[in-house]
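Next come two complexes built around chain A: one with chain B, the other with chain C.
For the complex of A and B:
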């Protein structure tokens, strides 16, 4: 195996086209997989020096998040904290500080673990995925990319994500065995706009409930147009149980997750109330060992 | 492959294998054995080092990734007789039992205090959440970081 670190996107693409080459983002998943021989590579193309991939930029109607933006970078970005609340919360609940410093959003999608924390959040935030290859650049809805196996063809470079700005409020919650480090047992993200006290454009996504994170269109449809009151939360929790039950079928975890999802959705909805800028989500991050609830 | 990195303020040029991790080169090539390998998969934080001011698990950083960066290990903190405030506080609070997790704990605390000299209890708990200890029950470790924060303040 060999290692290269290109300085430009063009050089990175060129290197990634060689057979057997893998792109290396933060490495928190890939390095373990290489060591366990679950993945083989002739060489690694480390993307750390490609400056464009590390940027978070808000311009016009879009928030652009480079694939090499780390979870910690995103947490330190005020625009992201305001405009992509669900993603910000997902980043804050992912891993330990050491992992958040190193792991990237691009890597989270590329690795595509069923429990990937950022994906349900990116789904409800209507993220588009920016993919580069020799034939140029394409922007695809994340939901569409997640429907493909493999996610993209070899030689494709995931450059980042594009999220619409001013798209409403969003929230995220996850169930882990303990607060720090825990791999999500179940996660939920919600986004909506409030219009005259009613929910519009509702989007709900789940993680760690099946092979990949997914948007529940059924649940969104049932919640659209409803008055945002206590009844909304109760209905969302009740219907989420049905969604998870369908998604998990006969899996051993189904009876547990089907019940647990009500609490996770309730929590995700609760996080949407905290949408003021600059505020830390410490309400949801007790940080220490074990949950309070 | 050749890499150059700064370890505890000293420039190092090394010939390494691409499969090697930062943890391996610190321990096996530079003989800085204060950095411990616990789980080897980013769960326990025993191998924590500070790279460019941020904590990372050195078991999950390839040698190549560390090329060109500045790394601080526990050996780069205080010496006998002139301990770093965090090390001093750990001793004074009795925050060390077997000691295996201690280098990582101390470095996580140092990185926090370098970034924020006045952390609250919550921030301390979050900053230390990636370091596991099987002996102490954490209480004294967290108290030690609070004490060190007081020292740094003065």
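For the complex of A and C:
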């Protein structure tokens, strides 16, 4: 097998265009798949040395996150912690410190597991995906990319994500079987703006409830314009059950997940950086456990 | 809604092989002419700390430090068989064998020292602080290493080779009477849990664990064994399950067969109860397996206390808890 470690984007693109060459990001999924022979490759183009892909930059109206930014890099970035709270929470819930040091956000999308932790968060944060190829650069909404199979054509390099700054508040919660090294069984991300005590621009996304993470436009529409009080939370939890029930259909996990989603959405709302009602007053900002009774 | 509850679990556990099966441990001991000691035993330290316990026992008997004792274990070419690292038996069973072997090696040393110190009986000699002393007259003493070294030049060797067998009997199948285990270990734990009534998730917040171990030869290791037992108990109660399909294990890796991580492990408060076991080394008995037993009942009872459902099969998964919550409520 060939192994190439280019230092520039141009060299990386050139190498990636060769037939059978795969881009290697953190490798936490790809290496396992290669070992299990679920993926065949003539060679790997390791993107670790392409400095441009490892940057997080805030400028103008946008937060730019390079595809090779690791989960740990994102957790250490103050702007991301403030502006992309749902993503920050999702990153903090993924794997364990060793995996967060190695795994990248670009890899999380490229691998596109149903349970990918970052994707529901990136969806509600209105992420655009930056794709490079010989024919140039395109920016596409993540929701659109997730609607395609394959996500992009061979020879395309995922360069990173672009998120609007000052787009409101966001939160994320995940249901796993344990507190670390847990694959999401269900995850939810929420984002909105508060205007005069009402919710505007609501976006809700789910992970591990179907083949890929998805935005629920129905749920967003039902919540838009409502007063942000306890009733908002209860309605969101109740309606989320219907969304998950529809998404999962007759799957074996459906009876459990369509009930449990209420708790996940409640937790996601709880992690948001504002008080929606008296019951949220003591919420730990980092999404820690609050005691409701 | 997240609800909290507390539950109690109690356990008693017969240590050793039991039911009259020969439960034998053996040890070889040599006291060297620099005052250090070798202990050879087949008992394998798989992380539970048995080799440390044997070093402490030999050091205690000879008035030296544990780091002057070399424990050679689990080498079938050189060490005498001490049975398996199982049944919570090494501190008690092999610990007793080590004491017996050290006592044997020490007997020759005391007799030699009595002559060297002009004492009429070996009973009047004691080993303390690396010295051989006349009891009641500490000024009459010699360095241990000097005595052993001189004895060696005089052709003396201080060796021990001993075995210990636990005193169990078979149970009479007619009457159910007998002494199938010796000794028994006792433990009691209280768990505090938080149950999410919407997701069925359980978090174990705190476990207080009181265990009778006779005598804590190494209190830090004892606390470690209790913490390890509770972590395993949390896994047993909430996570661990071998899934079988037509005889094949469906989850044969640690990415599928989940055990608790450190973040799933509760705050642990260990209470060491020292009710001496008169047949044990310094009154000690085993703690290893008993440490995980009460955890399971304590957690399941705490779930009941929190949300009023009785989980009757393990692990107590979120699915089972939600299903039980949805079912007819308990009266």
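Basically, the second predicted complex is superposed on the first by the 273 of 293 C-alpha atoms of A that agree within 3 Å, B and C clash if a C-alpha of one lies under 4 Å from a C-alpha of the other, contacts with A are read in each partner's own complex, and residues count from 1 in each chain.
By definition in this document, contacts are C-beta pairs under 8 Å (C-beta built on N, C-alpha and C of every residue); 3 or more make two chains touch, one makes a residue touch a chain.
Because the structure is predicted, anything quoted here is derived from the model rather than measured.
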Margin query: Contact-wise, after the overlay, does A:175 reach chain B, chain C, both or neither (first, second, both, neither)?
Written below: second
Next item on the list: Using the touch definition from the top, say if A:237 reaches chain B (first), chain C (second), both or neither.
Entry: second
Check: Regarding the shared-chain residue A:1, is it in contact with chain B (first), chain C (second), both, or neither?
Finding: first
Next item on the list: Go through the superposed model and pick first if A:48 touches only chain B, second if only chain C, both, or neither.
Entry: first
Notebook entry, point to check: For A:96, is the partner it touches chain B (first), chain C (second), both, or none of the two (neither)?
Noted result: both
Next item on the list: Give one of first, second, both or neither to describe whether A:193 is in contact with chain B, with chain C, with both, or with none.
Entry: neither
Check: Given the touch rule stated above, what does A:256 touch, chain B (first), chain C (second), both, or neither?
Finding: second
Note to self: With both complexes overlaid on chain A, does A:266 touch chain B (first), chain C (second), both or neither?
What the structure shows: second
Notebook entry, point to check: Across the two complexes, what residues of chain A are contacted by chain B and by chain C?
Noted result: 96, 179-181, 289
Notebook entry, point to check: What does chain B use to touch chain A in their complex?
Noted result: 1, 18-19, 21, 40-43, 45, 48, 54-57, 60-62, 64-65, 67, 108, 122-123, 125-127, 129-131, 138, 142
Note to self: For a test of understanding, state which residues of chain A touch chain B in their complex under the given definition.
What the structure shows: 1-3, 5, 24, 27-28, 31-32, 34-35, 43-44, 46, 48, 72, 95-99, 101-102, 179-181, 282, 285-289
Item checked: chain A-touching residues of chain C, taken from the complex the two chains share -> 1-4, 194, 196-201, 203, 239, 258, 260-264, 318-319, 322, 326
Note to self: Under the definition above, what is the set of chain A residues touching chain C in their complex?
What the structure shows: 96, 175, 177-182, 237, 256, 259-260, 262-264, 266, 289-293
